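Heads up, the next two complexes both have chain A, just with different partners, chain B and then chain C.
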Partner chain A sequence: MAQIFKPSANSITQVGLLSVAIGVPTLWLGIAGLSRSPANTKVQVPKNQPVPFSHQHHTWELGIDCRYCHTSVEKSSYAGLPATETCMSCHSQIWTNSPLLEPIRQSYETGMPIQWNLVNKVPDFVHFNHSIHVDRGINCNTCHGAVNQMHITYKGNSFQMAWCLQCHRAPERYLYKDDSASGKGLTPRQQVFNVYWKLQEFGPANLNDQEKDLVRGDYNGAQPWEQDKIAAGKKLVSEYGVKVQQLADCSVCHY
Partner chain B sequence: MALQPLNDVMITGDQNNRSLDDAIASLILNQRRHQKGWWMLFLFGVLGTCLMGVSIMWLLYQGIGIWGNNVPTAWAFDIVNFVWWIGIGHAGTLISAILLLLRQQWRNSINRFAEAMTIFAVMCAGLFPLLHTGRPWVALFWLFPYPNIMALWPQFRSPLMWDVFAVSTYFTVSLLFWIIGLIPDFAVLRDKATKPITRVIFGIVSLGWRGSNQHWHRYEQAYLLLAGLSTPLVLSVHTIVSYDFASSIVPGWNVTVFPPYFVAGAVFAGFAMVLTFALPVRSFYKLKDLITDRHVDWMAKITLATGLIVAYGYMLEIFFAWYSANPYEWDMANNRRYHGPYAWAYVMLIVCNIVAPQFFWIPWCRRNVITVFIICQLVSLGMWLERFVIIPMSLTANYLPSANRMYYPTFWDFGMFLGTIGFFCTLMALFIRFLPVINIFEMKDLLYKIKTAHPTPAIEPGHEPVGSEA
Partner chain C sequence: MSRFNSTEIAMALQAKTNHRRIQALGLVAVAISLAGCHTDMWRQPKTQPLDASEFYVDGQVSRPLVPGTIARDHLREDEPYFTGAANAKWVDTIPHTVDKEFLKRGQERFNIYCTPCHGRLGDGKGMIATRGYQLRRPVASYHNDRLRNMPVGYFYDVITNGYGAMYSYASRVEPEDRWAIVAYIRALQLSQHANPSDADGKALASAELTPSPTSALRDERVVTR
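Right, the complex of A and B next:
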């Protein structure tokens, strides 16, 4: 009986099986990698705005407090975007003829708000609240990255659930407290914003390690082997009344 | 009139290797052998599959509110059908693995068939829990542990999680076992085929099988290893399915006898289903020389034996309910089972599962295909009712009487169930038509052994037997 297949059929089969063995894990790893990469998360991908607002200029160079524009961050779930009037409180006096600010003046005249493009957002099934995070001593930069170094604002972190849970499962690694500020009677809420004042006033050399990491936007939580920091964090957890045993429950964010 | 005892010859008639090939392989190579009976099965199957497709699509569109499930009866037809189908698969694994290791050679003519049933039944079963989740497209991360961007893992302490592993392992091992056993037969079909397309298809799936000593050696090793892997699965899969219930605190579920009782019930239902398909197939395709009355007799005896274990399980359920002195357990056993609104289901269950198989004590009933077929249907129904009695019935009565609520299935509950039966029939019909229903080379091996034990008539010259002792 004639041969059904040529001898090359063996090689084709072997290569085929090998490519499945390599291809399936590659595809799997590829999807895993892509979903964690900036292509999906948009971390460090600047987002264009109607007006090229620079956080670096306003917060770092001029030293304006976050709360000057994001007024409701301490009281509400939503940090708030500034109204045109907030911009005009300075820009009616300075740079009054700048062409870059033309949309602001237009908005002020017509009463039509500027349509800023949202950089940081969570899905509708997540209930995120800014005020509780600020109140428990989570520094702005812990989540938003080095905003004080951003010309055009971008996402500092992925905001994926695994990222949220790093802190919700071990908050002692992320809570912030300025020991020198306690004497001045500052609450955790006020200490969060204190970092910038210290930076402006005393320069980077006088910040502690955690604060340096915070303003650089690369604070990822104390490493597990830094036992003294973990112990300090645990003290803060009890001082701030954070209920760790409930913090990673589904219903904390999804309700 | 006293019946003659059946002899233990497992292949009857004047057979040689060529006649075996003709009897089995021609089912694929000579498509004219498939007559009205096949088309009726196929048509029924396709209609059922359409019903299943419609039921699934409507379910995905509307959500599981179209089913009758509602608190407190959150588990109903979907879980009943899941357990029923998984149970049916167990006969295949028992026949292929345990009977192989015990060197029961009568398994050779039914194992292919039963293994196919196992795979198709597990496919039907798998649909139910997946659809029960309501959103099967996200069930991947609910069911399978993989490092995801939510840093979420399934609850490893839950028996439902163990179920996922048990059933997926079971399916994988059964499929491998089946396919490896098919390879030498694919080679026979490749060599026998005359049409080029048939030769190419069977040439590809036979993976270059040439029947060399080395091939057989590796085949035997692989087959034995898989049999060893499958053997614990016969016991473990339904044990874990029973943990879904036994590890809870629902009255009527929290019983330690559940694992062995479920396993016996699974084999019981599985053999009934093997017989349900084997009897018509052997008469339609004239395979009575290969699946003899002796085979039917043996299978009926296993059905009877496992049926008695199941009956013992029923007695123990009632005994434990009384012995526990727990009023909720006793309420379930007495007020619900014997006097409650579902008492009819319990009575039917007892008739189907305990009374009906007792007829298998009578040799005549084991040899008459009509009685065997009818009893098998009753057993299939009874085993379905058993799961109905255990699952929705236990849930309708709660610890708080004000929460008690009757369960009524809807059209779509039945649609899904009948649909999977149709899907199963479609797959079986396609299997009968396009794959060898009986293991060709093991039958040749068996024939060789029979002929060397009884030297007349001589083996046909030029047709050396293939295979060796499995």
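Right, the complex of A and C next:
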């Protein structure tokens, strides 16, 4: 009977074992990395829209408040997209013959809404509510990134569950107070929008650490070594009545 | 004469069948695991606000009120409160308690919805007005005798129904907030038409409303940017 294993079997086994040892983790890490990369999450990938609306122009250059267009952000789970009427409040007078705004004018004449392409979405089994986040002083940019710098709107964060849980497990890392004169006496909700006004009036240099990070779009909350910020955040958690005990329960978002 | 005996052929055939079975099992396993990758919970067959609709002619799932119907809690019997007029005349008192809270609410709403055109001082020098509103008549300033003497109901009506080039803000500002804005407009009119003798130094020092930046400051910033 012929030998079952030829001498080359040794090498084949070694190479085989080695490639399994390297290949499996590589594949695993690769899939994990890919699912977290912009290729999958679309973070910082500008999305084409029927009208090239620039948040940078309207909020930073013109200083229009978020709520001028997103009227229901303080009282509803949905922030709300502006009706064509809202665009026309100014654009019936400004840029009236711009070809870029043709879809707006058409929509206003025909009553057919503009079909914007959704930038931020969560699965249907997740219930997200804007109003409670705003009411507890979570700034728009905390989740949406530096909207004030976006020419074409893109997603600021992945909105994957692990990302949500960073804050839901430790809200004290993300809450902060505006201690400057203009933040005096403001409710957490008012403080959220006050940042943009301060940026307009006094420039980025006059913002505090957290606010600077927010308007730059790299706000990651207080880090473990920033104990003073975490302590301040803990005070706010109790002051604002954030129910930490149940914040990371499944049923908070999945119901 | 064959080089294989019948036993060998049978074994070979058996091996082939086994191979097929394993392949079939593998395919079933792949099919089962792929069946786990479904997205019907991600995108459920339900509609959410602002969704598109293929059913309705206007392409929206959100429906306007059926004509002649009133949504719950939206019966607007109180005519002066919801129209700003009674017996075909503008009301001249605000039908709401005007206290500091109410004024602050009015200031906040004014700063959101009105300042782009009217400016933080109500002088008609808002960013949009200075950046390109090409009107035969410029954006109104509140600081003239005509508007200082106008009953409050008039301002409420303009917010509700629009005026001239100004669109209606009824869908964006709720009735209570409209009255709050009217109250704040009155406060602006007073503040911009005041003499130092109108307030003693004490009252000025304790004023807590956020100081409005002057138009001059703002205009300068536009130029330097």
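Some observations on this one:
Quick note on the criterion: the second predicted complex is superposed on the first by the 242 of 255 C-alpha atoms of A that agree within 3 Å, B and C clash if a C-alpha of one lies under 4 Å from a C-alpha of the other, contacts with A are read in each partner's own complex, and residues count from 1 in each chain.
The criterion applied here is as follows: contacts are C-beta pairs under 8 Å (C-beta built on N, C-alpha and C of every residue); 3 or more make two chains touch, one makes a residue touch a chain.
Since this is a predicted model, take the numbers as computed values, not measurements.
Annotation for the three-chain superposition on chain A: chain B and chain C fit side by side. When both complexes are overlaid on chain A, the residue A:R36 reaches chain B alone and has no touch with chain C. For chain A, the partner with contacts to more residues, out of chain B and chain C, is C.
Here the vertex is the CA centre of chain A, and the angle it makes with the centres of chain B and chain C is 130 degrees, a multiple of 10.
By the touch criterion defined above, A:G111 lies against chain C but remains apart from chain B after alignment on the C-alpha atoms of chain A. In the superposition on chain A, contact is made by A:Q160 with chain B only, not with chain C. Shared-chain residue A:G185: touches chain C; no touch with chain B. Looking at the shared chain after the overlay, A:I94 reaches chain C, while chain B stays out of its contact range. Of all Cα pairs spanning chain B and chain C in the superposition, the closest are 5 Å apart. Listing the residues of chain C that touch chain A in their complex gives 41-44, 46, 48-50, 52, 58-60, 108, 111-113, 116-117, 127-128, 131-135, 165-168, 171-172, 208, 210, 213, 225. Contact residues of chain A toward chain C in the complex are 61-65, 67-68, 71, 78, 80-81, 83, 85-86, 88-90, 92-95, 111-113, 115, 123-125, 182, 185, 190, 197, 201.
Across the complex, chain A is touched by residues 147-152, 190-191, 199-200, 203, 207-208 of chain B.
Here chain A touches chain B in the complex through residues 1, 4-5, 9-10, 13, 32, 35-36, 158, 160-162, 165-166, going by the rule given at the top.
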